[in-house]
């Protein structure tokens, strides 16, 4: 197959397939979790589950001083790679065009130089967390193959995107194919790995908030 | 047909000065990405070159490539070098018709066996024995095979001949294929483009006449010197791309200011051709300069590579149906799996055996 | 049937619900929960990372509830849980977790880790892997009525002393009383002042209350060892007594897990809502305060701080009440850096103090509290949980620290202003 044929495939059937698997897998995962259900709480409530659940979804996104005493490394690197990835994904013109081709919606983009910075910072933070995953005994103990796999899947779109913008390594067309494929593999992997936290985080946080909120505690 | 005349003699006959000829050689040399010191060599080679025979086969094509070459701008040096070749068969241009025309082709093949050049425009239909396009009762496929047999090299002119082009676009009803899929044992040069830039053709021919071989080619069999860089890389609007300044419509402020046409579907980044440097109509302009994005016409499958006005990063085809099916299937399967697991849990709870003090005692060591 | 791995796994399956599935699905192995756990912060041993303590449960969930996990198990890529694995995890699940729930507050993806530890213990008990100390305490609670083996005659004896001390009658088995008070055996044996304190306060506030001779024990070892069956049996005794005496309220004493057991788990354990309400002593005292029925006189001059018992504050929701009450009698009340719902556990909750095997680890974990107290530089510490109190006293003594530990109710009782009884209106809540 020529690189043009590859490009047509990854932009067409490849994208449909990966998006389909992603949506199917994620819907499956969310529905399966929700319909597993839980027992009704018979104790007299002190607070609203719903409200506290929603509040926890929101407030858990922010750092509060009680969260860690180990230092700011986890916090800073964590925020940096998440924000770097999300901003790069959502605010590059070319990416917005992709979302527009799916949904008809578009929004203002950030200048390419800003996206370059967010992508570079994102990659740097990802490298830092990977090093830390080996260096920190806690994270090393918790890690399994999936953590490393997910790391690779997350960093690849950023790296290939950056190479693409700066025209390094491969001809543009081939690199664009590699870049889109890296994104598609990431899409397919999300529902089946810990990366599904991008959606299930809302369920987990809600339950956390609801369980504590039932007792009148804002978690 | 006179074969004794050299090119320079021919040019003199046409009233082209030696100065004009050398200018052409210098231009051709630079276009072929040869060092400037090669220009005299090119000139010498062309001065002494003998008129080779050229057989031009037109298959599933629109004659646009021929139009582009012959009517581009006249009189030109490209045109003249083209005229210099002994064009022994070209059924659009030749005077002869019918059996006489075919006779000319066969004669040229016989007389110049092993030496003549074949130019092809148009793709070749191979489905159902190639019945979808015939000339003088001979299928394109058969004519190509016959003609190529004694050729020194083949030049596939235009995207149809080089990559299949429009006839090969989905669903390709005639089973159209490009020349390179049928010709494996001869050198094939792809001069793609819809149509190709005239000077590229003359450049390739000049190279052949000068060095007696075809130029260096890229992965798609195109001369590297013309197809080595993308439109995007040589585009004068590139600084706007780098700054993220894009025209959103063809008549907005960005369009008037000459901003990048990426969002309007420009395929410049994935298209390799010399348009942005050589330009068209005697270097007057090229599509992007005229305010329209590049179609990517010199690339394989350009007809099937999404809409012409769809940005390169957009998906091809709709995802709405896929998404709807995925949501429905995912939700259905997910709810079923969740409920099944819930009933498993409830079943386990029903079968629960009460933990008693006896159990604690039993496990005491 | 006897305890076994199969029974343990079966029990764990009974407890894997939507929250558990969502938590395991969402965990990104960031390790931030380690920083929330005093067993990790004081030892720096990575195995004390809270989520790691749940590894067997996570494995079970992965193998039984996820597509790839099921597939991998079928193809033999992942081994099923073994008894050895559960045995290896027993000290992690029991000795190094006080179920304080601090990790659940800090997990960035929102995992309620302690919710899962509670469930994990259910499976551990059914599989026969629980610490000896907790097992024997639970046995005593079921067979004798109290984890410390305290029977009613012993309480009666203490009541006699208290009555002599304060000159008030302690009501026992009074039908139709408004409130039924519960005690923890720790209070009966070590801090009987509590009985006198509430008697004095209730007398002054004109509260009709009673103790029950057959259900005075509030603690629930079943909750600590993690057996809902045994915990339910203990809760049933309280419910039966409350129903027999027809009380409107049952007062949970200054004991952390008793509140969790009675207030939050109880109705779920017995499978029906209570016909009465459970109120924590601090909630009741705070009500009295707001109704001006808790007049106090004199304030403690020296600087003091408050230790939040996890099960009452973070996991119980009684957060501001103790602070408002303390402000009444303390002139210089200073908060520790992490307090309220972000407090640090004393190190003895969740059955750790009952588990002799964990004694050394418990003292190591106490260093967290020691640092907090040292940073604040106080010599008085008030708390509202008998188990915290014992653990704190042990830790302070071990570290030769001169810090007095007080119960809040007693402290209030000591400062109670003698006055003519408040207007005798019926209590409204």
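We call the chains A, B and C, going by the order they appear; numbering starts again at 1 in every chain.
Operating definition for what follows: contacts are C-beta pairs under 8 Å (C-beta built on N, C-alpha and C of every residue); 3 or more make two chains touch, one makes a residue touch a chain.
Everything numeric here is computed off the predicted structure, so don't read it as measured data.
Based on CA centres, what chain would you say lies at the far end from chain C?
Ranked by distance of C-alpha centres from chain C, the top chain is B.
Per-chain C-alpha centres versus the global one: which chain is nearest?
A
Across the interfaces A-C and B-C, which one involves more C-beta pairs in contact?
A-C
Could you tell me the distance, in whole angstrom, between the mean C-alpha positions of chain A and chain B?
From the centre of chain A to the centre of chain B is 39 Å.
Please compute the C-alpha centroid of chain A, do the same for chain C, then give the distance between them in whole Å.
Roughly 38 Å, centre to centre.
Between chain B and chain C, what is the gap in Å from one C-alpha centre to the other?
Centre-to-centre distance between chain B and chain C: 77 Å.
Which residue numbers or ranges of chain B touch two or more of the other chains?
Residues 338, 341, 345.
Note the residues in chain A that touch 2 or more other chains, in rising order.
Where chain A meets two or more other chains at a single residue, that happens at 29, 32-37.
On chain C, where are the residues touching two or more other chains?
16-18, 65
For the complex, which residues does chain B have touching chain C?
Chain B residues touching chain C: 338, 341, 344-345, 348-349, 351-357, 359-365.
Can you list the residues on chain B that touch chain A in the complex?
By the definition above, chain B touches chain A via 219-220, 230, 232-233, 242-244, 246, 262-263, 269-270, 299-302, 304-306, 310-317, 319, 322-323, 325-327, 329-331, 333-335, 337-339, 341-342, 345.
Given the complex with chain B, which residues does chain A contribute to the contact?
2, 4-5, 7-8, 11-13, 15-17, 19-37, 93-95, 97-98, 100-102, 109-112, 167, 171-173, 176
Would you tell me which residues of chain A are touching chain C in their complex?
29, 32-39, 41-44, 46-47, 56-57, 60, 66-70, 74, 78, 136-144, 147, 192, 194, 196-197, 200-201, 203-209, 211-212, 214-219
Which residues of chain C touch chain B in the complex?
Listed in rising order, the residues are 1-3, 7, 10-11, 13-18, 65, 125-126, 128-130, 132, 135-136, 138-139, 142-143, 225, 227, 229-230.
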